[in-house]
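Each of the next two complexes has subunit A plus one more chain, namely subunit B in the first and subunit C in the second.
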Partner chain A sequence: MNGYGGTILRVNLTEGRITRERTPDAVARDFLGGRGFGVHFLFQEVPKGADPLGPENTLIISSGPFAGMLIPGGGKCDFTCKSPLTGGYASASLGGLFTAEIKYAGLDSIILEGSSPRPVLLFIDGDKAELRDASSLWGKGTITVERALKEEFGEEFQIASIGPGGENLVSFASINHDWGRQAGRGGVGAVMGAKRLKAIAIHGTRSVPVADVEAYRAAGLALFKACKDAPGLKPWQSYGTTIVTSWCDEVGALPTRNFRAGSFEGAAGLYGPVMREKIVITDKGCFSCPSPCGKYSRMRRFGTYVEGPEYETIGLIGSNLGISDIEVVAQANLLCDELGIDTISTGNAIGWAIECFERGILTLADTDGLELRFGDSQVVFTLIEKIARREGLGRLLAEGVKRASAKVGQGSDRFAIHVKGMEQSAYATHSATAMLLSYMTCDVGAHHNRAWAITYDLQVGRDRVVPEKVARVIWLQNFRPMFDVLGACRLQWVELDIDRELYVPALEAITGVPRTWKDLETVGERIWNLTRLFWARENDGFGREWDLPPPRFYEDPPATGPTAGQITSLDDVQRLLDMYYEQRGWTPDGLPTPQTLSRLGLTEVA
Partner chain B sequence: MSAPTGAELRLIGSLKTYVGGRESVTVEAGQTVRQALAALGIRPEIIALVIANGTQQPKDYVLKDGDSVELLAVIGGGSPSQAVNRAGVQQ
Partner chain C sequence: MRLYANNDKCSGCRACLVACSLNLFRETNPKKAALRILAHFPEPGTFEVKVCTQCGDCAEACPTGAIKLNDRGVHYVEAAECNLCEACVPVCPEGVMFVRTALADTAWKCDLCGDCVSACGTDALWVAEERTAAA
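And then the complex of A and B:
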């Protein structure tokens, strides 16, 4: 099959058995790869009602037709499972160099099922795949493990591993790779930990069959040329995602003190140029990247190094916790990476805990005597450790803010910032209705990457509730995730503004199958609807209520900043959902109609 | 040689659409970046970054003769006109 490895590797960790099967042609046709393969196999293989941390959950790691190829940023890998954080669909995207090795090992997906009785390592070297004892690595941090395994197997092996967070089943544990890249969201690391799979080491040596080599080369080079010629390349490469820190602060989108406001009086210490001057030592790219936006930083005060911090971490660990020192944020980032927990959910959980303490809902008796205050770096460092090790207050916070607030009660759910159980990423949405809708309806919970619609809010009027905004969100939700499906980075399109039509001839040359973006958006829509069916299948009573945003955005107007006094009323929230469901072809309770499923070829699944 | 008159604004990415596809436009000195943007019909809040002569500046920076100022918009996925048209609706 052109453009594919051609094989699915199935690893049963309960029995220690590894088998191979051919990648089904129909799955490649209808779901293409990556996130599409993930949700297809998830829906097929995970039984209804499966315990996310039980052996019946599967973790599906998928490459895509652009992965490992001459495509800008062709290094995206998808991790899909039933989420221990939300009880619904989880899909986390990983950059770096991992997915290329999956492809070169002749694989499209690795399906991890069951649960090992002891810690193991999945070792894949070309056509050889085996489980090895990993008892000596258990308890160790991810960067430590990566270093050890590269020393043992060689630099050419790529490593993905979990840290203590994953071992201790923290609901938002991450999987780490390439010294600081993560499949971060939804608790994929906890699922790996529940399977007692400490790490995967992979190196492949096969070539990838391509339909038309000359056309592939020409299309790939055209894409690289467009990136190289993009006027935005230099600033993007200089600052990466931190380019938006100052902007978010200026427009009231920077999460501040548990999202109570959208701008932070100490934000200037966190801005991209300040970070570059103070701590960045070099740029770092993923596989085949012409615009390396990763930043590698040195924290002199701590004598440490980290990849990052990215904007999301700056927003959640910085301003959201009242921290204005970029070096402290970077050090907290390093702790989260080594311990293997998601910085976005971690920043939210700590912010929620501090607000609980301020309101007297949590007391010194609950915090092991620790006074929780915004702006205190020791509080941040201590709670990160406690969460990852599930010690003291960390046991509560490791559940995520939805379950933690349900346990604590006393109205603390009103300021638990999540949708469907996933903590919100770093855009305050008191007054940005498209971005708010994007979070409300995102298929994994409150994550930004499916539809980064906040720029559109600013362009057309941030508080407007109009069908055009809803259409924009839906278009982004169908289209943007296709990069995760194809196995390439979206940022060359998002940030460098290259013409997306350039990807079309590349895909055709690689796979031999002609497709248009309209076709691809239909695949995206099929995947979106299938994820919705998965939520409904796994959660009794799933529907409209689940799409409501955190009350903070319709109840608590910020006291300061450009969005002072502004919220989105609950009436407007409901109007957004009415329009969204209608445009999606869903019922008024937010479920796909039979006609919509039929149009997308999903009738049999439903 | 006389000193250059006006400040050059370099419009990166989708911002070009505001000035008829040109990559740069010369504006009068003595006004702020914010005022210059407004005169060009660009909403200041869609600008992520103002880099004047290689240094980041706020939008209230007062332009001087001979300044070279790069302006980067938050794009977030394609230029607005392209995206909206594909969604099948008018902006």
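And then the complex of A and C:
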């Protein structure tokens, strides 16, 4: 099967049974790979109403036709499951070297079912796959585990593991790999923890079959040439995603003190060039990437090393918690990585808790005597540990801000910054209506990467509510996730601005199947609608209410910064949804119409 | 002419390894590449690139004369003449002479095709005359 490993590895952890099946041609045709494979298998195989932390949930790890190939950024791996954070669809993207190794092991997806009675390790070496006892690793941090397994199996093995956060079923636990890259969002690490799967070690030595090797080599090298010729390459290599920190601060998009504002008086200490000078020692790329976001850092004050921090972590652990010292942010990042919890949700949960404390909703009796204040590094370090270990206040925060605020009450839901239960990533959206809509309608909850529309807001007028903005969001939502489907990073297109048509001959040469971007966007739209059906299937009464943004963005204008006094009215929020549903071919309550499902070949599925 | 590498510029992405195997074997398989990336993590957090210097020690050690010099002055393996004896492997000072019988029925090494340089986004690799290497 050209461009594919050709095999699905199915691991039943309850019975300790591992089987192999051929990757179905029809699934490759209709869903291509990565996130497409994930949602297909999720919808088909997880029974309605499954407990996300029960044995009926599956964790589906998928590569794609660009992964492991001579394609810039061909290092993306998808982790799909029913989310313990949201109760809906979860899909987390992992960079690094893991997805390439899946292909070289002759695989496309690893489907993890059931739940092991004791801690285990999944060991895969080419055609050999087995579950091994992992009792001695249980309780250990992810970097510690990776080092131990690389020493045991060799450098060529790639490792993905969970930390105490995943073991303790923290709702936003992550899966870690390559010394600091994560499948971060939606609690995929908790699902792995519920299965008592501590780690996966994988190695393969197979060559990936392709349809036309000469055309593929030429197309691959042409993509690399385009990246290397791009004017944006050098600045991105220097700063990676931290390049946007100063920009967000200037335009009022930098989350500050639990999203109360969009710019931070201490932000200059967090800017990309400051970080580069103070702590970065090595640029560290994901597989086959010409423009490495990864900045490997050394924190002299703490005597530690970390990959990162990247922008999202700087926004949520830095400005959102009132922290202006990049070394503190980096150390908090390391704690989250080693303990295996998502920095984005963690920063939100801590920000919400501090605001609760300021308002007297949480007191010293709730915090084990810890005074919660913005700008206090000890508060951040302490709460990260408590969350990962579910101790004290950490038990509440480990549920995520939606459930935590429901439990605490007293109006604390008004400043719980999430959509559908997923905490918002690092763009303050008081006045950026396309980005706000992007968060409202994102298929996993308030995550930015499906439609990073905030630059478009600034281009066309940030508070305008017009059909073109809605159309832009929908196009981005259909198109951008296709990179995750194909197994490559989108940032060469987004940040280096290379011509997306260059990918088309590469895909055809690899798979032998001619495709246009129009075809691929239809696949993207099919996947988007299928995720929507999954949400509706799993949640009674799912609809428009679920797409509303955090009240802070329509009730609570910032007091300072470029967006001072600005919010998006609830009327405008509803108008955005009206236009969005109409353009998507959905009902006024936000569900795909039969005609839309028919057009996308989803009638049978629904 | 030979290949040079700057460890400080390498970001460990392995695009060079993919490009190498693709040119050398017409296959996508970094385990069949003729250069190596050593990752020293989590501490001290550095990459080390091992490349062929075209020193010729492998050719001297080869009992069958399978490692030959082409008209560009580059040592390459004539696969048909290689008997997989592995005499070339331990003598390579950079550890970039490869025999893995499960993967290929010949020894392999860098033939200076230059595709690794084309795929390297961070300019960590380049080809130059030996005497101008410092420039």
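Just so we're on the same page, the second predicted complex is superposed on the first by the 606 of 606 C-alpha atoms of A that agree within 3 Å, B and C clash if a C-alpha of one lies under 4 Å from a C-alpha of the other, contacts with A are read in each partner's own complex, and residues count from 1 in each chain.
Please note the rule applied: a contact is a pair of C-beta atoms (placed from the backbone, for glycine too) under 8 Å apart; a residue touches a chain by one contact, two chains touch by 3 or more.
Everything quoted here is computed from the prediction, not taken from an experiment.
Look at A:G294: by the touch rule set out above, it reaches subunit C but stays clear of subunit B.
Contacts of A:W247 after superposition on the shared chain: subunit B is touched, whereas subunit C is not. Applying the stated contact rule after C-alpha superposition, one finds that A:E156 touches subunit C and leaves subunit B untouched. By the touch criterion defined above, A:A148 reaches neither subunit B nor subunit C. In the superposition on chain A, contact is made by A:D283 with subunit C only, not with subunit B. When the shared chain is aligned, subunit B comes close enough to touch A:W493, but subunit C does not.
Judged by the touch definition given at the top, the superposed model places A:A564 against neither subunit B nor subunit C. Contact residues of subunit B toward subunit A in the complex are 10, 12-14, 23, 43, 45-49, 51, 56, 59, 70, 72-80, 83-84, 86-91. Note for the complex: subunit A touches subunit B at residues 230-232, 235, 239, 243-244, 246-247, 250-251, 271-273, 452-456, 458-460, 467-468, 471-472, 474-476, 480, 490, 493-497, 500.
Within the complex, the subunit C residues that touch subunit A are 9, 11-15, 18-19, 21-23, 25-32, 38-39, 41-47, 100, 102-103, 115, 118-122. Residues 68-70, 72, 75, 97, 100, 104, 143, 147, 155-156, 179, 205-208, 210, 213, 217, 220-221, 224-225, 227-228, 233, 237, 281-292, 294, 296, 298, 305 of subunit A are the ones that touch subunit C when the two sit in their complex.
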